[in-house]
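Below, each structure is written out as structure tokens.
In the two complexes that follow, subunit A is the common piece, with subunit B as its partner first and subunit C second.
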Partner chain A sequence: MQDMIRRYGPGLTLIICLLVAFWLVMLVIVPNITLLEQSFRPYLPVAEIGGPRDTYSLGNYMKVLDGTVEKSLLGISFTIPVHVYTFFLTIFYSILVTFICFLLAYPLAYYLAKIVSPKSLPTLLLMLFIPLWVSEVLRAFAWWIILAFKGPLNAMLLGIGLIDAPIRWTNMGYTGVVVGLIYTYVLFMLFPLYNAVQSLDTNQIEAAEDLGAPWWKIHWKIVLPHSKPGIASGSVMVFMLSAGSLLVPSILGSTTSQWFTQTIDQWFKDALDWNTASAYAFLLLILCTLFVTVALKLFRVRLSDIAK
Partner chain B sequence: MSAGIDLENVCCDFGTFRAVDDANVSIRPGEFFSFLGPSGCGKTTILRMISGFIEPTAGVIRIGGQDVRGKRPNQRPTALIFQNLALFPLMPIWENISFGLEVRGVDKATRRRKAEDLLRLVDLPDAADKMVSQLSGGQKQRVAIARALAVEPSVMLLDEPLSALDLKLRQHMRAELRAIQKRTGVTFVYITHDQGEALAMSDRVGVMSQGRIQQIADPREIYNTPVNGFVASFVGENNIFEGRAGAAAGGMAAFDTEEGRFRARLAPEAEGKPVKLYVRPEHTVLTAAPGTENSVPVTVAEVSFEGPFIAVLARTAKGRAIVSEIRNDGQATVPQMGAAMHASFAAERAALLPDASVRG
Partner chain C sequence: MHKFRLGLSHLYMGLFLLYLLLPLVVMSGAAFNDSKLPSIVPWKGWTTMWFSEMIADQRMMVAFRNTLLVAVAVAVLAIVVGTAAAILVNSISGRLRTALYGMMISTILIPGVVIGISTMIMWTKLGNAIGTDFILFKPGLHLSVLGQVSYIAAMVMLLVLARLQSFDAGLEEAALDLGASHAQVMRRILLPHLYPAIGAGAAVAFFQSIENFNVTQFTRGGADTLTVYVFSKVRSGITPTINALAFLLICITLVLAAVYEVNRRRRARAEAARLAQARRAEAEEGIGAA
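Showing the complex of A and B:
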């Protein structure tokens, strides 16, 4: 603080601090606190707000356990609250998206960081960036067209004879959602991974090779362990963004796919019950954070490693 | 166990730049061979070609008589010690050392035992479970050597591994490396730009400049009878005179300079080429009376006391600097500044040498 005042003068320092405070307080803390406070109160007619029935409770949170459905997995039938079921599917497919993003991004990150000549690197990075300039809505719709019944993907697969009849990709459970989320968020995996691999001393790779290691062993013992913080930060990013995405599941979802954010959205917009919607939103946030924390513990990554 | 290395007409181009030009050298099994040269002379490229990270553009490399063209580094019987050592920071020391065994499928107990044996060999018996970051520079050095030895290579390749160490440790590690080489009998190929290192450790030295091997000989020969001006000036100091050589007779020739006529050695292959006269400062003596041969009157301009020797810089009437080194035997007399003296050198100790051999 002293240092900042000395460097920028008291006026500019004050402006910077006020702007940061405004951003933090007005745009982050106040709206979230408001929603958090609302989430503990019941959804009441306007006249009753502040009345005797307007008391704090966990009721909105408990609604997630209402309304069970019959499901079966691996031949075992069970009943499960429908919103909990949606939540688990959201987590499961977000993990799947994260995992496939890693499989796609790792070879690319390694190629960019260690193999490609420094001259062509800027061009390649630019080519990766350009799709990011297009709005997420357009990109999701682009995939909607690609995956369409009479779209280019089916045309291509039919053309090379891999399939005999076109496939309804966007009506196959979570297929469209998973594809769309991977496309939207794969770069959030690529860049942390690229940074991590790039910081590895190339001599280490060569030393391992010189000592007789085959290529897969070099990756398993040298490159992957070194890249762990990058993998972790990319995974956290992709997982959280996927689990919290509303747009992609809305556009590319099928009749049989439901994302937890869509449930929240329905509480907000269809039921107009902001209180329950807030409760669900916080449930998603808390449970995802918990999940990520446990996952990081399991893989022995510290938050401070990710920040590097 | 140890293997020889033969390079036959080896060239290496990077685009239009020729990094190594027509290298021919035959390194004997069990030899300690150094490539010595300034940075950018192609010595590291040679090392990387032997280890397999770079393929030669032309020529053949044989290790133990076998052509290794097209073989990846992990298929060659060589072990490279990197300039920055490239130890694996996420593994404990013993896993570092046994990495090469692990990829060969050796079981854990054997690996651990082998790592501990090697740690004893490099005199670091208690380091097995430490991490790389806990070791000092010299200790890391030893771990790198142990890691390379673990795969029982026929050839050890060392890329200026001592350059990061301080002077005392470097001198200690020189002796250590030499001892380890003698104990194991493995062929060592050593890359350095430090002439002292190369001369002190090697059985033979190859001096390189601009991609060409200038001279291959044992250290004494490199220092005492360099084949050209580059080798003479890169390895040790010289007083250099320009002039014209007369006809050679019995390996000696007259040499006319602006300081007068000198006599010096002239190798048969240098006859007819433009040459300069090179004489070492320690072979140049300063006396009050004129010397019997190759004598020039000079004035003492600078005296610097270096400890083991005293360097005296004197100037001729024409302003040319001549350096003479007097060995400090405890009673050496130091010339007075401004004293008029005579610099002279034995014709046997002076050589008429052509410039470095360059491509073309």
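Showing the complex of A and C:
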């Protein structure tokens, strides 16, 4: 800090500090504290706000437990509150999306980092970047067209005789959502993985080859362990984006696929109950924080490594 | 590497590119299909009707203008705040640095839904507390801007911070010793070094803002941005005008990508030529010395 004042003078240093303070205090800390505070208040008519009934309670969080539904898993049937059910399904499918993204991206990351000729690499990377520049809503919309009942996918499958009747893709539980999320976010897995694999010394791979290691063992023992930081940041990115996505589940979801963000959106926009929406949003925040912490611990990576 | 596996990996790369790009082709193709629903099958003949309908769509044009305004505002605010944050983080150390840096990074990981709701609630509550009707405290796109800046600034900060690593602080010392004012050191020495990162940051911020849906959806009040507009269209009676828009956006992206690629190749060639010349000169010198 002393150093800064010496270089840029007290005036500029003050401006810099004020700008950062504005960002962190007014745009991050205070909004989140307000969100937390609001989430404990009941939803009241305007006239009663600040009145005797406006007291703190866990009421909004308890709403998660309202309205149970009967479900069965592996032959065991049980009742579960519908929002808790949504919450767990969101986590489950987000993890599934993350895992599939990893499976899709890993061979490609290895290919880009170690196999492709350095001359064509920039061109390939640029081509991979193109879908990223086309906005998320349009990418989801593209799959809405493809998966439509009378859409090209059904037409193609019918054409080659793989199916006899068109399939309602967007009405098969979470199928549409998962397909859309993978397409939208797979690149967020690819680039961190590519960076990680690229930093591996190719000599190590060649040495293993010379010593007679089979290809799968090279990946299992050398490449995968080395790319742990990349796997961690890719997984965190894809999971957070998937679990927090509102667009893709809304566009590609079916009547039976509810995403936790959609529940929050309904409290906020349809029920106009901002307080319960805050409570639910806070639950989502806790979930994401937990996931990041666990992922970082598992892969023994620090938060600052993720950002690279 | 084994021939067969090498072939397989090339094939995989090709299939993956196809997987990424084909949906965009399908979406663009539907813009030219003379069908009320956006699809490429059944093909009912070529038409450019959807483009003229798009231009006639007033709401879409307003949404387009809004998107650009928001994106420019976000880019400007994010580079100012992000650059300041990078300079600050770079010149402190120890616990304080770790804490500040961690907090900045974590904003990228906050779900957009949370940012949107919290921004909306805080500013409207603040407005109620002060008891003002001032526009800043009402829902609207300006709140979307603030919400988006809260995490996009962190991306700019990372880019600028990376650039600061290659900065030689001795230059600032020299300038100060030679009698430069603090403002001059900032404007003439530090900022010019950071311009490439700031430029990249502005581009990232601009595109991130155009992409943004979650924050905007919760803070926008009644105003539309393109993303929100397209979203509402997909849910309620969609027409291929959206495809016409998508086609145009994809074309712009492709043109930008092509320009970038041509420039890169030219630079690479120039670099190669320069290296070759240097090597020739060296060789000649060697002959001369001998």
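Throughout what follows, the second predicted complex is superposed on the first by the 276 of 308 C-alpha atoms of A that agree within 3 Å, B and C clash if a C-alpha of one lies under 4 Å from a C-alpha of the other, contacts with A are read in each partner's own complex, and residues count from 1 in each chain.
One rule holds in what follows: contacts are C-beta pairs under 8 Å (C-beta built on N, C-alpha and C of every residue); 3 or more make two chains touch, one makes a residue touch a chain.
Remember, it's a predicted structure, so these values are computed and weren't measured experimentally.
By the document's definition of touching, of the two partners only subunit B reaches A:Ala207; subunit C does not.
Of the two partner chains placed by the overlay, only subunit C lies in contact with A:Phe129; subunit B stays clear of it.
In the superposed model, A:Cys288 lies in contact with subunit C only, and not with subunit B.
Counting the residues of subunit A touched by each of subunit B and subunit C gives the higher count for C. By the document's definition of touching, of the two partners only subunit C reaches A:Arg7; subunit B does not. Taken together, the subunit B residues at the contact with subunit A in this complex read 51-53, 72-74, 78-80, 82-84, 86-88, 90, 99-100, 102-104, 147-148, 150-151. The part of subunit C that touches subunit A in the complex is made up of residues 1-2, 5-6, 9, 12-13, 16-17, 19-21, 23-24, 26-27, 30, 37-42, 80-81, 84-85, 87-88, 91-92, 100-115, 117-122, 125, 146-147, 149-150, 153, 158, 169, 172, 176, 181-183, 185-186, 207, 210-211, 213-214, 217-218, 226-227, 230-231, 234-235, 242-243, 246, 249-250, 253-254, 256-257, 260-261, 264. Within the complex formed with subunit B, the subunit A residues making contact are 201, 203-204, 206-214, 217, 221-222, 225-226. Residue ranges on subunit A touching subunit C, taken from their complex, read 1, 3-4, 6-9, 11-12, 15-17, 19-20, 22-24, 27-28, 30-32, 34-35, 38, 104, 107-108, 111, 115-116, 122-124, 126-131, 133-146, 148, 150-152, 155, 183, 187, 215, 236, 240, 243-247, 250-251, 261, 264-265, 268, 274, 277-278, 281-282, 284-285, 288, 292, 303-304, 306-307.
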